[in-house]
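One structure, pasted below without further comment.
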């Protein structure tokens, strides 16, 4: 028990349908301090935060806020108490201006009238924006903002509500290095103002760097709790997973062959990429590093035929892909795991099975009318489900939206594995999924490469690239600035060529 | 975000009850409602249950079902087709112009009927194609695209005929809609075909995928544009076929055919359970929806009620069905 | 297939409990009374004319102690087929039908013939065919032509040339077309005198009629001759004339020669007040009586002409007194 | 998105809707000298006023990604009731009050169905559409009712608003505006202020953009949704009053299909059917006026009656086509702009 504590979780327990998801969770958050909260998806983090935010009520235990018992019944109530959430997917109205987003429920009024005092609104808004270091006119529409800027707007919103406790839930997933840096600086300032923070993330380095205290959850139980100094990456992972993943990256079975599978030459699209040329060999894992907006995803989308391209040639197994639809390219053996599985990867309403089968349906349809061999599909789906170690009910009838991030990502992978691609392009395959799932994804990538596929891996986590790749390309401003062989791998060098000025995450 | 909590709840829910609830509450609900309605009213409504009347119901149900099936296909893609009524009128007129015995282009020609039907289908497909093209190429909202084509083509139909209805159609053609056995046969085949198409064919799966998430569908190699266009063409074709049945029933090509059916059709489809937001719908559901609407229409006529009562009861019943549906979905999500 | 199966099962299940009571009802004309049942199927009740006609049927049949079933198709040809089939199902002794249009009713008539029930087509003639029916009709074309002819003669008296406006009904409605053609025929004969400068399609809709007339008067302020395909549009036309300040009594300067068709209450009022020059009146009472008589005769096996013409009549200031009592609009008023 | 033509084309497209509007006016103007006269333009405004007001209400609903199919029926019911009352000798003002109350009542029913009972807007209002029509038919006994002069007065009354010197039209030396136009102006202004300048208005946009987020942000979506259906109901009733004022009669077809006209007007004005996008002024109001101008022009040039639906629909289609091209183009340009700062998230 801590008297000075701003927030105190006291023996919180919660279970759904008789299944406990939180057991006796007890810890406290001090004003001006940061608590790092880590744990695999499904470990109970979200449930805990939903209780804190008033979306759920605990079965056992109680919350103390400011020493007083605190049992919010609704998000609004929580907000009124001064608790603000910065969510992974941002809660902004894209069709409204910055200012309106900040004050949507608390517009400054003109006199007694129900009219909005526009001048006051603008002034107050720009003041807040200044505090979070966002230098934009308050009338800008949110839809024109980058993810990072939107993040800052969210924080400004929290400040406008005089939040005393701010919860960050995976805040950096969609931020560029520069934006992340800015965010961390801001977090420092918030602490200085005496605001308490809970920082939830899968990027352990960030957690270790930002937190004063760290809390580790596993299967709803608090398995680790103490000052940051007590932990390091390995020990955290061990605690989260419950087993020791000392050597994280899978061993490579084969060495890449010299046989080229994907040859890209002088690919250019004005305003997007310039003179991109590289060759991907069978069994090779080729990494693509660089800042957000360096043109990595754009390159991938162009390779896959989602975006147009003016000049240059793409050859898959020697055959040119010029002017071909995604469908054609897929049939030629190309596959692309998009960076945002919710928007572009999955039909959330549809069942796991339907999602996995989608790409390969053509193969299972018989002419003339394209009737589907349902049996064959069912088997194939089941096979893939096992292949990616999908933790879901048999049959795959359940809608994908009910799965955890990790399992959703596995579904997308299964979808592409079923298509038996020669080249698989992965855009941030491990973003926002928990440690356990991450390593399973690495396994799958490795296996696929060992089976002779070529893999283009786009990632913002250098660790990942260094651990998995045979070569790494570094992009900046839509151009390839550097290419390192495995023996040349070196964080410094990669970062230097990724950004002129040297920064680090 | 409650996702993880929901995940847990679902995972540990015994599957069978979930299945059972789904089956009972969703799939056949409207059918049960219809049956209930029928059984309750039959005793009080003279001739409601008489064989003749049931055949009447069936006869008028068939074309409605055909056109509603087309609507279902479009709704699944997340679109909507308001132009069906005008397609029916245009096809009716076009076909009649070819076939009629007075001044038809193929008057009394042996090939008149096949040619006429072909023309009807062609017109339907054409309008559908235009709708689809406008929706996919120019990314215009389907509601407006089909609303304008509704105005345009019904206007065109009236213009073509200068308001005159066309009669003296070949007996062979009138048999299509007039002889219930034939109409039933055609409709049954269509129903089954569409049912299979949606359930077990490549195209069907693509339809649902496009309706659920066009972006994901595209990046999974689904030819989204093509699928959408195909959906509207299918809707047009089915509307044209329904028009053939109606025209045969009435033995006249009428430029105002089906003018008032539009809301009935959409209503029936949605009451059946097909979602206006895409990705969800079945031929079977639509059949139930149509059956429901028809039963009500028919019984209200038999009850010898005045027009206002008929209109009001209809509204009330639609609301009732919607309410039950709302409650049902609440129960379902509650169970989740 | 499953779905059809379910459907049929449903039907089968329903038959069992369904039939018995319906039998009872169908023995509805009780053994005691010879009370007959006549089904009256109207296409619409959208205008006073039909309301009046339906009322007239109620009286006529009531007086003759005949039970009346009514059905309104609300403008839907196929629904009408269904409704009449319902009548047949209920073994009515006669059917009065206002068909959606002249041809769509053929299958209905055939069905009635098959069931051997006499059927009268009220106010709208059927297409020539082998189907047996009695049609009681006022000829839209010729009656309109007469009416307009009278208006033309009135125009002649003024000695000046006239610019004419016609408010057309729903282009999908045969009556509207018949009346339009009647109008055209009449004005063509007077080509020297009348120039048609505006044709306003009203779709039988007050708002469109009103807007249309206002706009037409805007385009041609000198319009001095106006015919509407139905009297029920007069309220909106009058308000349009008022806005243009052209609503004057006959004989007053700036009077627009007004003519209509139907002879409803509004028209009667306007005649009495002297604003309306003439309207073509359908003799509803004649038509109704004739229809009922035709059914009875047919049942009695007497020969019945296959078309009974309602001469109708043009009512105008001149003959208002003596004709008023046969003008249904005038009766409704009372 | 090849080359630079989009950048060149965008400004053109940005004002395309307006240009279309102008060209329609000019087109008819060339065909008939009478079209562009002040009187006729005033006419168009008067005739557009009713639909425009209904469409304004509809805009509120569309902004929340809903739809109100029952507006036509609401017009009918309220008009029928008012007609009966005035014929029964009730004073005009009271009749009007009752009309507005009925409008609000119907709105309340819709709101209840949609926000409390969770019925989909489309179906709920479809149901009330039938209920309303039936009720109206019941009140009118399915026959036309002629109303006393008093109603017409509203239609023809002219209100002097400002003294004028050289301006044409005003005989009394005052610039006179017909009452319906004045009412339209007032409603449009009010609606515009509500939508752009009040918290309530902005929250409507918020809810239309994302209902869940709105709830999280502490907005009460039910309140917002309910109120837009009230507004729509009231606007429908008011529109009913204005039509009545011009017709002086209630026929069984009164207000029939008005829902489509209203939706068309709103969409012409650039309102999205998926919520969150659109404005009353100039958008919806101009949309309504454009449609009316076409109808008016067709009569003025004495066009073949059969052409009416063809021309009208073609012009609506054209307007919406232009709008879609424009937004498509904007999207492409925006995507490119974003790329520089941020990971080229898919457009």
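Chains here go by letter, A, B, C and D, matching the order in which they are written, and residues are numbered from 1 within each.
As a working rule, contacts are C-beta pairs under 8 Å (C-beta built on N, C-alpha and C of every residue); 3 or more make two chains touch, one makes a residue touch a chain.
Remember, it's a predicted structure, so these values are computed and weren't measured experimentally.
Undergrad: Considering only chains that satisfy the touch condition with subunit B, which of them also satisfy it with subunit D?
TA: A chain counts here if it touches both subunit B and subunit D, which gives A, C.
Undergrad: Count the touching C-beta pairs: is A-D or B-C ahead?
TA: Top pair by contacting C-beta pairs is B-C.
Undergrad: Please flag the chain sitting at the greatest distance from subunit D, going by CA centroids.
TA: Most distant chain from subunit D: A.
Undergrad: From the mean C-alpha coordinate of subunit A to that of subunit B, what's the distance rounded to whole Å?
TA: 43
Undergrad: Using mean CA coordinates as chain centres, what's the subunit B-subunit C distance in Å?
TA: 33
Undergrad: For subunit A and subunit C, let me know how many angstrom lie between their CA-based centres, rounded off.
TA: 71
Undergrad: Identify all positions of subunit B at which a residue touches two or more other chains, and write them in rising order.
TA: 158, 162, 215, 306-307, 310-311
Undergrad: Can you tell me which residues of subunit D touch two or more of the remaining chains?
TA: Only 137, 142, 306, 308, 346 qualify.
Undergrad: Identify all positions of subunit C at which a residue touches two or more other chains, and write them in rising order.
TA: 45, 171
Undergrad: So, with touch as defined above, which chain pairs make the list?
TA: Every pair of chains in contact is listed here: A-B, A-D, B-C, B-D, C-D.
Undergrad: Okay, in this complex, where on subunit A does subunit B touch?
TA: 16-19, 21, 41-42, 45-47, 50, 55-56, 87-89, 169, 304, 306, 325-327, 329-331, 336, 338, 343-350, 354, 357-359, 361-362, 365, 369-372, 374, 393, 398, 401-404, 415
Undergrad: Where on subunit B is subunit C touching in the complex?
TA: Touching subunit C: residues 31, 34-35, 38-39, 42-54, 56, 58-60, 63, 158, 162-165, 167, 178, 188, 191-192, 195, 246, 249-252, 254-257, 259-261, 283-284, 287, 291, 297-298, 301-302, 304, 306-307, 310-311 of subunit B.
Undergrad: Show me the residue ranges of subunit C that touch subunit D in the complex, using the header's touch definition.
TA: Where subunit C meets subunit D, its residues are 45-48, 51, 168, 171, 197-201, 204-208, 210-212, 214-216, 218-220, 232, 235-236, 238-239, 242-243, 266.
Undergrad: If you look only at subunit A, which of its residues touch subunit D in the complex?
TA: 75-76, 79, 91-96, 100, 104-105, 107, 109, 114-116, 118, 143-144, 146-149, 174, 176, 271-272, 292-293, 295, 297-298, 301, 306, 308, 310, 338-340, 343-344
Undergrad: Name, in rising order, each residue of subunit D that touches subunit A in their complex.
TA: 1-2, 193, 197-200, 202-203, 205-206, 208-210, 213-219, 276-277, 334, 336-346
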